[in-house]
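Naming follows writing order (A, B, C, D and E), and every chain is counted from residue 1.
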Amino acid sequence: DDGDSGDSGSSSSGDLTIAVITHGDGGSFWSVAKKGAEDAADKMGVTLDYQESNNDPEKQAQLIEAAVTADVDGIAVSVPNPDAIQGALQQATDAGIPIVTLNSGSTVWQDLGAITHVGQDEKIAGEGAGEQLAANGGTKMLCVIHEQNNTGLQDRCAGAAETFGGEVENFQVTGTEDPSKTANEIAAKLQADTGIDSVLALNPDIAMAALEAKDTAGSDATIATFDLSGDVVSAIEDGDILFAVDQQQYLQGYLPVVFLTLFNENANTVGGGQPVLTGPGFVTKDNAAQVADLAEAGTR
Amino acid sequence: MTTTTAGQGAPMLEMDHVSKHFGSVIALRDVSLHVDAGTVTCVLGDNGAGKSTLIKALSGVHLPTEGTLKVEGEQVSFGSPRDALAKGIATVYQDLATVPLMSVWRNFFLGSEPTKGVGPLRRIDVVKAKEVAREELARMGIDIRDVDQPVGTLSGGERQAVAIARAVYFGAKVLILDEPTSALGVKQSGVVLRYVVQAKERGVAVIFITHNPHHAYMVGDHFFLLNRGKMMENWTRDEVSLDALVRAMAGGAELEALAHELEELGGDVKHAAREQIDHLQAGPS
Amino acid sequence: MTTTTAGQGAPMLEMDHVSKHFGSVIALRDVSLHVDAGTVTCVLGDNGAGKSTLIKALSGVHLPTEGTLKVEGEQVSFGSPRDALAKGIATVYQDLATVPLMSVWRNFFLGSEPTKGVGPLRRIDVVKAKEVAREELARMGIDIRDVDQPVGTLSGGERQAVAIARAVYFGAKVLILDEPTSALGVKQSGVVLRYVVQAKERGVAVIFITHNPHHAYMVGDHFFLLNRGKMMENWTRDEVSLDALVRAMAGGAELEALAHELEELGGDVKHAAREQIDHLQAGPS
Amino acid sequence: MSTTTAPAAPPAADERLAKTGAVTRIFRRPEFGALLGALGVFILFAVVDQTGKFASLEGAARWTDSAATIGIVAVAVALLMIGGEFDLSAGVMVGSSGLVLGLLVTEMGLAVWPAILLTFVFAAAVGALNGWLVVKTKLPSFIVTLAMFFSLQGINLGVTKAITGTVRVDDIDEGAGFASAEKVFAAQFWDPYQFRVAVVWWVVLTVVATWVLTRARFGNWITAVGGDANAARNTGVPVSRTKILLFMYTAMSAALVGVITSLRLQSVQAGQGVGSEFTFIIAAVVGGCLLTGGYGSAIGASIGASIIGMAFIGIAFAGWNTDWTYLFLGLILFMAVMVNTLISRRVAGGRR
Amino acid sequence: MSTTTAPAAPPAADERLAKTGAVTRIFRRPEFGALLGALGVFILFAVVDQTGKFASLEGAARWTDSAATIGIVAVAVALLMIGGEFDLSAGVMVGSSGLVLGLLVTEMGLAVWPAILLTFVFAAAVGALNGWLVVKTKLPSFIVTLAMFFSLQGINLGVTKAITGTVRVDDIDEGAGFASAEKVFAAQFWDPYQFRVAVVWWVVLTVVATWVLTRARFGNWITAVGGDANAARNTGVPVSRTKILLFMYTAMSAALVGVITSLRLQSVQAGQGVGSEFTFIIAAVVGGCLLTGGYGSAIGASIGASIIGMAFIGIAFAGWNTDWTYLFLGLILFMAVMVNTLISRRVAGGRR
């Protein structure tokens, strides 16, 4: 895999730069992943270059190319759209830069030339949530999509629909930029369709909005969510929210930095050809107390 | 002087029972008028009488609410001023219709840019355009600093000169001038009057709107008087004296009252007032 | 006539060696002028001479590039026209300074709205404002249909009348009029001249800009002649005849050339041309 | 307002005026088109409603709630637009002020009421800075407030993460005086239907802004400044002061929404409000404001906000597939403005 | 252009003109401020760069890539803005045309070249519809194109999900003729640095648009229509035709970017392009276009796009914490425009 640019090499250990380039949006999910990457970079003593493309595949490709140009020592990427970034990743492998994929991409990481994959497909996480809600006796689910252009959210809902069994309706709302309006939209939906008995939020703020909406609409639907926040954990403890899907995205940021550093310094590879899975984990009433403080601190 | 010199019988421009409403405002009601080639037709009237509305109906800016227009005997309906221009009708609007942020030469040729080159490379002949614009303005006695200056930074008179020079340059068959000399100096006004006479000599039909009865009488062959949106009088030159024209435009009775009032003011004012009334009532020579 | 009637020695308004540049354009250079209370000062000059720039420097629109302004002997620097208005200087701008989309009465009182009520409930006295606007316009001979009509839909003369009526209504110490009669009818022009005389009688210092030497001579006590941005002449009324004024404004030599040229055109035109030249050179009475 | 043969100055009926009824005059008001559009949207959703609840008080409680938080700022944005300026930072300001309130309460331990006061002071300062920069640099407000938008967006995320380690501020309800503040800003009323108190704020502010625009001197100045800033300046209107005050009002109304939202949800997210600046502008423009300034109405902006509120809630009641939400929104917008043009133009008479 | 003592008509030097050097004249061009701002941004990032690559050709290859896809549309949007109109559907049009291309190739089995042709026809039709609606209804283009924006956004998502079951169209590279189309629209060139061919399109279109704006009749009409549509109409400019053509050009340039992007990424996402309409407008305004129309330059919009491209790549090279990205963007924008105002105003002389 040694490309044509052997000039400034990746040997000068102790002064490594690892680029982490996700399709994230700086929101509640990705801020935890970023924190993981930062903590890992601190511990490993490497320089971190964390970039996000906000769900824009072209921008992500451009950021990868920029990292290749900057001659980093390792690139960790999320792969929501393999076609879109394969050209850019090819440049990285041509330049001899090791790659680790994270979050989505568990089926394509080998084709992209990555040394391993850390994460959990959004779709598999969704499947888990669907199962749990079905087990809770749900028959009709509202899957609340708060960002229209985010493929990850669509994948979560698609996964949930596959395992839920009952009827699943995707519901587009305004989003986190206006949670009160979002709450109101969910309330209207719950009022309009009284058959809904399960609501799956894909973001902790949307979960809190759904909780308020349930109250306003006088509905008794079960609410579940993706990802954690202090409010969500206490709501789980109070029994207002059934569970939160926890992909442990902290690890999705942390581990690739560690793996890439070890690869550079010690030529280690992890996983033995298998992806490293970080979830899905579930935070329920039983284990909520354990993660409460961690969620407040922004690492869960 | 009132017979056409270039026409084949039908007047160059004819307006038949035209009305124009703006919502509830009735600006023109049942106005008829005809303009012959090689003559100067003056439209006179008080402020708000409807003169500008009338010429805008002639030049394609307004679509008349009722009535018809004819050009050389043929009925027309102008969809836009571009149609009127295509028929050789060029207009100086009272609000001048210049684009403030564009340069003098671009405004001069706006809508009728001289081009050179062919096909996709056809482009404005900038050198020629600048030259012509500068020359035409100089002929009017306006020595522009720089034809690249935005029109919006010109003085009021300079801007008016641009609009006039443009219309004179492009006016093929009909030239319409709406209060063209209002912002001009003595010299420049003289030039515009000369232009009017020259155009008429060339067989162009000229419509001239002014508040100055002396100017009107000097060049006009035909006089229409508008009042509150209605056509009140239709005189040829030999049917009317300057005196009658002044009186008609100023509203005789009210002028007397004004004279009286001014008389009552004391001292030097009396003298000035007397002079003014004389001027209003009589005019020069 | 040139001595102040209301002043305490210092002129009401004084401009000292003022220059005004716009980028590379030099619009005024080293202009000095003084205006006394109770007199009418005329500023004359060709198109683009810098008259409007001069009055804009006096009314706070432009900050002079060089030179100083004094009001009643006290040096001032107007940050905005509001400052000038506060000193009792009201102006009719050549471009009228009206807001097209606002109604007639709102434009009339813009910046000086009459209010009623107190505290947070202080509001415009709409009834009074409409009444005053209608009355003042009627006094000028403008019978407005509806004072709620947007100014942008008024005729050119009506719009000018709004600007004049407003300035006359608010002009306390100094009244500046930049070509106020350009778009007005005969009758309305007469009214404006009467206003000028009335204001002067009340001890107001009036600055009057016009291209009409007859109007200027009728009311003026003091004449300043601008040419290409420089102050060329400074006459009191008894130093100058109407004839000299006309000649100065039209540029003697060029006028002769124009006369000659017009002579060469044939027929009736000769007559019209002769008349015109006479008019330009002599004026009425 | 007195087009017809009123007992005013001109003695007899003016023959230069055609007769116009009161109807025609109403049709010429800037907000009238929006009102027609709103009616159309309301009827549409009342018809397609699957639940029979949209046209009820229950439904009204829902869409007025959505409309209120848009409308409160949209009215201010409308005034600013009439004054000839934009504020792209109005959206993010909702989030910023919520975060200020949240951090003051949860991190600085302030009581809720003083924190609210400080939040408004903060918003007023940001608005004044916007206005001052626009007036001083003479740059387009689009650019100045865009820079402010980006800066605040960055500060919101950066500061929140630096202080809390997460992207949100939680537990505002633990602050002293929360209960009383919630009553004023975030409570519900009229029990079976659960209207939001934000609706009251919205209505009151719309009425006040309309009164200011049409009756107060300041309103006259706003219209003049936006219609022709030069002419306004030349007639003695304090242009700079007017503009700065408008920017302050806009920022403070955004802060009001920030306070309402954060008290209601008891938490604030760092990305809150981003993107809604355009919703406000859309509401104002649908309500009849010209983007070029000098024309528009406050009540129109509120009607525009209602259209948006009804559209979002109506789609939920209609049970439409939300994959197509934006297509519906687009068609509704087309419809609202077509109704406006077709009917009001026919009634008000030709233009050209 | 000939302010100084040129050998032109007036015989001697005009005493009413102060001497101005060529420098001062350049400083008065609309795009000059943006150029200064761009220089400032470039220097800033060259200084803070952590990699030593930003100011190299390699770095240039990266930021020009990012600037190119913005610039291609921003130039069209600038012309449209100079013509007095907005197109809020320009962003989503990038996605729509990519989806049309993708669906034609993958679902209808068309070869790539005919599909590209049909994509441009589609874009031209949408642009013409935009223009026709604006001209006919006389509604603000902000509203009309907003409705179009929403409609297309809804259609993009709805149709894509209905046809493919996902929110993405994949495998465009399997179409016939993909290789040759990729060469024209999405290849790289100048080997060690790997510039994108989109940059060539961008430069060529900027030059053509500049030429049209300053030299062609159509350019004169654009400026006139935006400066004063009434005056333009009265002097015989075909206002409606000019506007409709501008809308068509804008939509087609968005389609070009759509084609470039989808060939490069070999896939299209339903939400692609949404939001970038404002990036285009920002680039145009930073480049000196007035929002009120009638003033601006095509090259300025390209400079504006460069500033955005440099900021985007520069922040990555500088290794700054992305929490603060937007704050940096805001400050850079402030800086770019302040440099503009301070320097260019000082040089060009006073205003009032």
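In the analysis below, contacts are C-beta pairs under 8 Å (C-beta built on N, C-alpha and C of every residue); 3 or more make two chains touch, one makes a residue touch a chain.
Worth saying up front: this structure is predicted, and the values here are computed from it rather than measured.
Chains B-C form the pair joined by the most contacting C-beta pairs.
Greatest centre-to-centre distance from subunit D is found for B, with centres as Cα means.
Subunit D has its Cα centroid 47 Å from the Cα centroid of subunit B. Averaged C-alpha coordinates put the centre of subunit A at 35 Å from the centre of subunit D. The distance from the centre of subunit D to the centre of subunit E, with each centre set as the mean of the Cα atoms, comes to 30 Å. One simple way to say how far apart two chains are is to compare their mean CA positions; for subunit B and subunit E this gives 44 Å. In subunit A, the positions touching at least two other chains are 26, 148.
Residue positions 22, 25, 61, 95, 143, 145 of subunit C each touch two or more of the other chains. For subunit E, the set of residues touching two or more other chains reads 3, 16-17, 153, 157, 321, 323.
Contact annotation for chain pairs lists A-D, A-E, B-C, B-D, B-E, C-D, C-E, D-E, with touch applied as defined. Residues of subunit A that touch subunit E in their complex: 17, 26, 34, 47, 49-52, 55-59, 61-63, 65-67, 69-71, 81, 83-87, 91, 148-151, 154, 158. Contact residues on subunit E toward subunit B in their complex (touch as defined above): 1-3, 8-10, 14, 16-17, 211, 215-217, 220-221, 223-224, 227-228, 230-239, 294-295. Of all residues in subunit C, those touching subunit B in their complex are 1, 22, 25, 45-49, 51-52, 94-95, 141-143, 145, 149, 153-158, 161, 179, 182-191, 193-194, 197-198, 201, 211, 213-214, 217-219, 246, 249-251, 254-255, 258, 261-262, 265, 268-269, 272-273, 275-276, 278-280, 282-285. For subunit D in complex with subunit A, the residues that touch the partner chain are 50-51, 53, 58-59, 62-63, 65-66, 69-70, 91, 94-95, 157, 161, 164-168, 170-171, 188, 194, 198, 260-261, 264-267, 269-276, 312-313, 316-317, 319, 322-323, 325-326. Contact residues of subunit E toward subunit C in the complex are 3, 15-20, 24, 28, 348-350, 352.
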